[in-house]
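Should a chain be cited, it is by its letter among A, B and C, assigned in written order, with residues numbered from 1 in that chain.
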Amino acid sequence: MTLLEIDDLRVRFGTAEGPVLAINGLSLALAEDEVVALVGESGCGKTLTGLSVLGLEPPGARVDGRIWFRGQDLRTAPAKRLRSVRGGEIAMIFQEPMTSLNPAFSVGRQVAEALRQHRKVSGRQARDRVMELFELVRMPDPRQHLHQYPHQLSGGMQQRVMIAMAIACEPAVLIADEPTTALDPTIQAQILDLLADLRSRLHMAVLLITHNLGVVADIADRVVVMYAGHKAEEAPAGELLRSPEHPYTVGLLNAVPQPGMHRGTHPLTPITGLVPVLRQPPEGCVFGPRCPLVTEQCQREPPQPREVAPGHLAACFRPGELSPGAGGAEDRGRPAAAGQGPA
Amino acid sequence: MTAAAGALTAPHRHWARLPFAGRPLAQAGAIGAFIVVAIAVFGPLAAPHNPSATSFSDVLAPPLSPHHLLGTDQLGRDVLSRLLYGARTTLEAGVFATLLATLLGLPIGVVSGYFRGALDVVIMRLIDVTLAFPFLLLAVGLAAISGPSLWNAVLALGVAQVPAVARIARGETLSVRELEYVQAALVNGERSIAIMRRHVVPNVLSPVIVATTVAIPGSIVGAAILSFLGLGVQPPTADWGAMLAQSESYLNQSVWLGIIPGLAIFIAALSFNLLGDGVRDALDPKRRR
Amino acid sequence: MTAGGGGIVTADGGPPVLAVSGLGKGFRVSRSGGAGTVRAVVDVDLTIGHGEIVGLVGESGCGKSTVGRCILRLLEPDTGRIVLDGTDITRMSRRRLRPLRPKMHMVFQDPYSSLNPRMTVGAIVGVPLRTHRVVARDKIGGAVDGLLDRVGLARQLRSRYPHELSGGQRQRVALARSLAVRPSLLIADEPTSALDVSVQAAILNQLAQLHGEFGFSCLLISHDLAVVEYLCDRVAVMYLGSIVETGTREEVFGSPKHPYTQALLAARLDTGAAGPGAAAAGPVRRRAVLAGELPSPRNMPAGCTFHPRCPVAELPLCADTVPPDVTVPGVHGGSHSARCHLVHTDGRAPDIRVAG
């Protein structure tokens, strides 16, 4: 059952150097008990997407499109409804827990406050619930942690506190923006396990924003690949990783060293060029300039996401023609064109 | 296709002049400061009279008198001319004192912050001592030694402001020296002096310049105070502070005699203050990436 | 090639470029909870031969960056010896060290703060040339151009400032700066962690290529196992200030002996995409085998520092005694050793990835 549906989201900014088109027509849907990963590199608009769902886009941003949640378009909902949704029905956790937590208050108090924002509970009840939550997020010593301050906790613990705050009111949707990027590998593994567990326990829909395809492989059910504000590809996780259709996805997969690969014998194939900053809707495919398969058609009209297999969409005129591990883009670090240079 | 690689636009310079767009206070400050400087530079050319020319027949004339737009003082000297000439003296005192403070304070602060350890402790204690020492006492002392003059005033004021500049320079140095490009310089084997010159000072300069701009009004007012007390410029040299001081006895008869120089000092100090704020706001968020 | 440790012989038979033995470094901290000493590095031995790329792997707080900085004498080691190209530089004065500086250099993690924002790219790359008088003054411009070419940057970028470049371009500038004086040893501290995936690939390629051309030895400090496996010839795994396992890449990644190494490898997230040695079908699901958090470095566990979190720790042995460095036979033909009581000289070792 679809809980959240983003329909043709477009976000524009005015900057000192001119208008920036950050997201151009993104659509995706989230169902109950499902983890959808929104993948892309920095600047592709994935974080902005998460923020826009809750109406938290930065000031000066012009947002168009619809965000359907429980039969209502959040973009036109009254402020009161939006406030009740934020944290109460749709929760969000961020990459840097240290800056998301208030250093002046104990973590127990902060989680309790998050709870009382949306539920009428007494101080005692709130405290009990916080203890419950701390156990749910697998904190080793909830009683002690209740009174500790953020700086006294490690990164992994802080992230657990953030998660506790987020699930305090049992939200239907959890938006997790790079929740493990700042964590060490073994802690990252723990947190991902926790998120997967909570997802099935609370039947939440999870929108997982990340740039790490390994994270995707670990807990995502479906994946949406974003590039420069557009959807490049969408597919079930396993299928995307096994048989990617869009050249950008292939590029991303090729860029990560796999076990057994070694320098010299397996040069990595990076994607030449840099992520563009769009100022107006592109004439052709937004990935064209960097695509090894680019044709004249690609430069003339922007490809729309089309179904290339059941449940598998790709915004490309030549889907599936680039296979992972194959040659792909050349570039061993030599300057491409005068004045441009590689990434 | 849209412009790729936002990073590769045409090269632009750090020091492009910002007109403080959207910041009316800073713009007002810039304009005010500009006017004051212009007066200091060109004022004497426009002065209708000799600022020291006395005229006992025309004493304490009110503003808008014939020949005397702003009136005359107790010795019949034209107030407007004295104001225009006085701008130069006042501004000189203010600017040079601050310049001295910066030339001394910057290296002291950078050296102290870069080497740390015992050297830092000693320097900082000396700075504290200077801070505790009333600059008026220093001015009086200097006046006692070599007679009151503009340059003694500048010296006293400059020294009095060294601690403030040194502290800012030291604070910035402490954070800059932890940055990786300084570590890289150490790995390079660059000498300490070279590191301070190449890497620390250029990156510490912005906040120091801002502090400087904000210190100028302090110096202006300080110079006025010293003149007021008779420790700075001596008559008959025109100086706003001195004008203010001398007007005291005559306020009953001509309140303008006090208001005009007082207003001038106020406007000059305020202008530089606002300008300093504007410069700080313009430099800080822009510089951080 | 034999395992890490003093006085070894490397593949080419000559003395190693870098021989570190018994390195120790502690920091005094006073914080809420009283003052104490954090022993960031404890008795570390490390050897790097000519042209080798050695990876130093570990999570935050394990002391790997501290090791790098001690080697460069950015920090003063408390104990131990650092021998660079045959010269003991452990306690050398700054003055005597200066002419040796060109032998070792560093590339830092953060491409934003590792370049002086007030200097142009050309100036940044030119400074090492100037400082060490590598070329005549009038030849510096040409040398800088040459270096920019070698790191894959357009020559026009000489007059740009760092903030006008992308993260990947800045790292290339950092590489150019480091290689300007042809160091024997390059220490790369998380060189790609702050970069996007596709840019990472470009920089890794560049590093590999430059290594082939210049032939420097490299100490790669990283928490990213994928990068380490890709670039390194030998690997050392660190935990809470000590090296717990060392060996060739094939040995450590192929048959890890130390429980912590196994946990690290088990935590690795693979896309399972096409590649040699990848899983046959579908994404790889892994289990988090390591519970708990890193203990506070001020209260280091006694005996084996890993024992509180070790699923197979045997008390009281592991809690009482610091484990010895045990050399095991290499199943893939390389050197291999681990610091663990449960690892035997015949190669028997626990495997926590299958336990429970």
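Quick notes
Heads up, the rule we're going with is that contacts are C-beta pairs under 8 Å (C-beta built on N, C-alpha and C of every residue); 3 or more make two chains touch, one makes a residue touch a chain.
Keep in mind it's a predicted model, so treat the numbers as computed, not measured.
Touching chain A and chain B at once are the following chains: C.
By C-beta pair count, the most extensively touching chains are A-C.
Distance from the centre of chain C peaks at B, each centre being the average of the chain's Cα atoms. Our note on geometry: chain B versus chain C, Cα centroid distance of 51 Å, whole angstroms.
With centres defined as mean CA coordinates, chain C is found 30 Å away from chain A. Chain contacts: chain A has residues 274, 339-341 touching two or more partner chains. Each of residues 166, 169 in chain C touches at least two other chains.
Chain B has residues 5, 7-9 in contact with two or more other chains.
On the side of chain C, the complex with chain B involves touching residues 72, 74, 97-99, 101-102, 104-106, 108-110, 112-119, 127-128, 131-132, 159-161, 163-166, 169, 174, 177. The residues of chain C lying in touch with chain A in their complex are 32, 53, 59-60, 149, 151-154, 156-157, 166, 168-169, 172, 196-202, 204-206, 208-209, 211-212, 223-227, 229-231, 249, 253, 263-264, 266-278, 281-288, 290-294.
On the side of chain B, the complex with chain C involves touching residues 5, 7-9, 11-12, 14, 179-181, 183-191, 194, 198-199, 202-203, 287, 289. By the touch criterion given at the top, residues 41-42, 140, 152, 154-157, 184-190, 192-193, 211-218, 237-238, 241-242, 251-264, 266-271, 274-275, 323-325, 331-335, 338-343 of chain A touch chain C in their complex.
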